[in-house]
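Letters A, B and C mark the chains in the order given here, with residues in each chain numbered from 1 onward.
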Amino acid sequence: MSIISEHGFRLDGRRPAQIRNVNTRLGLNRNAEGSSYLEHGNTKVLCAVYGPYEGKASKRLEDRCAIVCQYSTTTFSGLERKNRPRGDRKSTEMSRLLEKAFESVILTESFPRSQIDIFCEVIQGDGSNLAACVNATSLALADAGIPMKGIASAATCGIVEGNPIVDLTSREETDLLPRVTLATICGRDEVVLVELHNRLHIDHLSVVMEAAKATCADVYECLAVVAQQHLKACAPILGN
Amino acid sequence: MRVQPVTICEKALILEALRSGKRFDFRGLEEFREVKLVVGAEIGTAICTIGNTKVLAAVSAQIAEPSSMRPHKGVINIDVDLSPMANYANEHDRLGSRGMELIRLLELIIRDSRCIDVESLCIRAGKEIWKVRVDVRILDDDGSLLDCACLAAITALQHFKRPNVTLEPHHTLIYSEYEKAPVPLNIYHMPICTTIGLLDKGQMVVIDPTDKEAACLDGSIVVACNKRREVCALHQSTNLVLSTKQIERCVKLAMSRAEALTAVVSDVVKQDQRERSAFKRPDGFAITAPALILTAGTVAARKIVAPVVKNEPDVEQRAMYQPSIVLNENPLSVGSVKQEEVDNDASISEQVEMIQNSVGKVEVTETQKSSTISNRKREEKEVDDLLSGLDDDEEEVQTMTLGAEEPVQDVTMQEEEEEQPNLLLAKKKKKK
Amino acid sequence: MEINLSDDEKLFLIAGVEADIRNDGRSCQDFRTIVLERGVLSGTNGSCRVQLGQTTDILTGIKLELESYDSATEKEAKQPMQFHVDFSANASSQFAGKGGDQYGEEISAAFQVAYSRSLDIMSNLSKTHLAEGYRWKINVDVSVLQWAGSIPDAISLAVIGALSDLEIPEVEVAPDDGGKVSIVLKRPRIGGNVRDEEVPVQMWRLDVQSCPLLLTISKIGTANLVDCSPEEECCIRSQLLIGIAKSVSTPGNDTYQTTCIKQLGGGLLEMESIENMIEMAQKTSIGLYEALAKRLKAEEKRKPGHSFLL
């Protein structure tokens, strides 16, 4: 089954460079400092941010704040049922990637000796899970009012016969399709996360990178609008 | 134990040096460290050193039952041991975040990039498959750990041969290496990993950073490539902000490195195969150990020399203290006591004399030493000439050097002297 | 999220509860507002989300699995439902890592007990047994997204909601060679040039009328109360988890059976007060069953592609 049909459409009817619908809602978790819910088509992610607070002594850093991420998926999120929601190798890897990306996004020097917890829960996974988590986390951090270099946006892109396709679904995330997950700050050419799956020929690298960068910028537009709207909705509370 | 952070002034020094294009190991910014690759006498083992970083990889295979999801595919497991031996910050039996990153990336590079044909590892679909296990032991850690580990693992996999099997209707026959030649793994491509350090928001590239340099840099990016110009892994190893252009530049750098190292790996493995097919006993890791520790002949020679120096005083001492032993045997004899005192006086004077003598002797050897240095150089040259001319036989060299030596000798000097020819030997072996 | 209350605050709460007035204006037998929506996740066979008082938030998804078992070793039919409760770290940072595992296991064990006789209680559950050695396994996975007290109550509502939403495909069982059977999805026959694969598979639903409800009845001071808020949970002397199942043998004359009793946390209880608490659970469950049945009937089918939480 080909990923792009002869008429130039993908399995779910999108064009190669078209992203899925982005739906978001901010601040729905009352216990957390910041929270967000984000949908990329059928990929649904819930994210909560706790902190900054005085965390565990073992994780404390003298010059900046420690960032602890936890990526977990509900057992019913994927096509097959999973036995454990977290703790497997893939989840810990995802957690670490998120941690690293946000260490360079958050102005960690502002909160020495403290800790920020970021919890991502993939309620339904339909491809581009890591990218969706990055986007959800950015919004949750914005909701929590934690200073950042900018809103980070991410996208997963693949390449089929030299043509880039963006925002992959789980049916497109096959074993052979090379795909790059890229996260940038404010849609600019500032990469905070890059992760490659499967082999990619060097001639295709710049094509994929360009496509991913453009998609990140597109996603950023969506996120920025959401964040601004949320701020306006909160404005009565702020007294202005 | 926590890692001690690099001190501020040391960090400043290293950074200043890097910014002026200098490094503490006399490398340029875009220069790699020397890679040494040795395959073991045992099939499927390899040691790789990059500078001071040293990694041992061993591959083994056993028959196991496949998972129900993939009934006709072999399994490749990767195990990493990041012991306190390499770095005291590591904990025993616990990987920690650094180890987790390493093992995950190795899995990504070796398993997920599909460089090994797992279908060929199937013996009986759904029943028996080969389970290949790659054990990676970090012996010494001085930066670019992943590059070294990846190279060692890939070489070990290239070197590895699994036992041959034949299928009978109801059972599987496994042959030993004497009955049927073992089968090498089907390897499609060789992913080679390169760590590239970045400085000043990615404006400056510091290739192959050492441990200390890595601690001072903004971060690093890890790229794995193969000869077919494919990128197998791309990983931003620490938090840093980059542009896509810089990433592409790093990939290009890694690509040229991968091409060079692929040739080295296949050379090493091929040479080993040639030697084995010529029924030559493989040297294995022996050549990585310093020759001094290695050669039994040296130890024997040192043992002979060492007692000769000490022998003389030993004999005298026994003569000196003999009376006191006699004294203990006859405690009641009164008359002999006085004689003992006299003897004691005599022995003390004798001892003083002896010490004076020995002091003099030492002085003599000291002067001798300086004079012999020029001699030694000449001798070494002679030995070299002889070595290059003659078929190098170890014992012959030994007798040659011993014969040319002065009779009075410092023990340390002797050691140095012995080391020289053996090192030469080792070098010659490598050249072969 | 940890709540620290001073002694005076606790006294205020306890005295209020004993006078049948709670902090948020409820009486002891009142529940907070319950929001229930079904069919929220397209990737599952059945799903339901329950919100209790706008803060406790439970998401349940059901995945069906065709399970083969050894009919020789399993003499008695096992109930096909498997429960798994996971406390998401989103709910509270104390559930990060393995923090929520113990509590989750405790609750899933209670549900396993409460549903252990479900083959007898639920009228058409035995239909999940397809043939000798084959049955549908119903994996009920619960994820606690937000936490503000009365988790078991909310979970039991979400489980019932998800079970009512669950669609199980009809199958045809035909004998095959070697004593085995082949199981084929049943599709209605439609004339015309429609390919077989395009005809939707026939589905059937479970009858959830008599699914057990699990209620937490807490003893605060001398009063018993349902649906505690997190503040009230700080003052609890002892708490019972009581499973109540409605039996609909004779229409109009329903009886209520207790399917499980479990003490949560510590504390001591007299026999008499246990009886009182069970009685209270039965009384409140009547109202809850009614409301639930009404809601399940009234809720219209969601359009596909609808997103929840928005």
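What we mean here is this: contacts are C-beta pairs under 8 Å (C-beta built on N, C-alpha and C of every residue); 3 or more make two chains touch, one makes a residue touch a chain.
Computed from a predicted model, the values in this text were never measured in an experiment.
**Student:** Would you mind naming the chains that touch subunit A and likewise touch subunit B?
**Tutor:** Chains touching both subunit A and subunit B: none.
**Student:** Which chain would you call central, comparing Cα centres to the global Cα centre?
**Tutor:** Going by the distance between chain centres and the overall C-alpha centre, it is A.
**Student:** With chain centres taken as the means of their Cα atoms, state the distance from subunit A to subunit B in Å.
**Tutor:** 43
**Student:** In angstrom, rounded to a whole number, how far apart do the mean CA points of subunit A and subunit C lie?
**Tutor:** 32
**Student:** When the C-alpha atoms of subunit B and subunit C are each averaged to a single point, how far apart are the two points in Å?
**Tutor:** Each chain reduced to its C-alpha mean, subunit B and subunit C end up 62 Å apart.
**Student:** Which residues of subunit C are in contact with two or more other chains?
**Tutor:** Answer for subunit C, listing residues that touch two or more other chains: there are none.
**Student:** In their complex, what parts of subunit B are in touch with subunit A?
**Tutor:** Those in contact with subunit A are residues 97, 100-101, 104, 107, 112-114, 221, 225-226, 228-236, 238-245, 247-248, 251-252, 255.
**Student:** If you look only at subunit C, which of its residues touch subunit A in the complex?
**Tutor:** 1, 41-44, 47, 54-55, 59, 61-63, 65, 84, 86, 88-93, 96-98, 139, 141, 143, 145-148, 307, 309-310
**Student:** Under the stated contact criterion, what part of subunit A meets subunit B in this complex?
**Tutor:** Residues 89, 92-93, 96, 100-101, 103-104, 149, 180, 182, 185, 189-203, 205-206, 209-210, 213 of subunit A touch subunit B in their complex.
**Student:** Mind listing the subunit A positions that touch subunit C in their complex?
**Tutor:** Interface residues on the subunit A side: 23, 25, 28-32, 35, 37, 39, 42, 44, 46-48, 50, 68, 70, 72, 74-79, 81, 85, 87, 117, 119, 121, 123-126.
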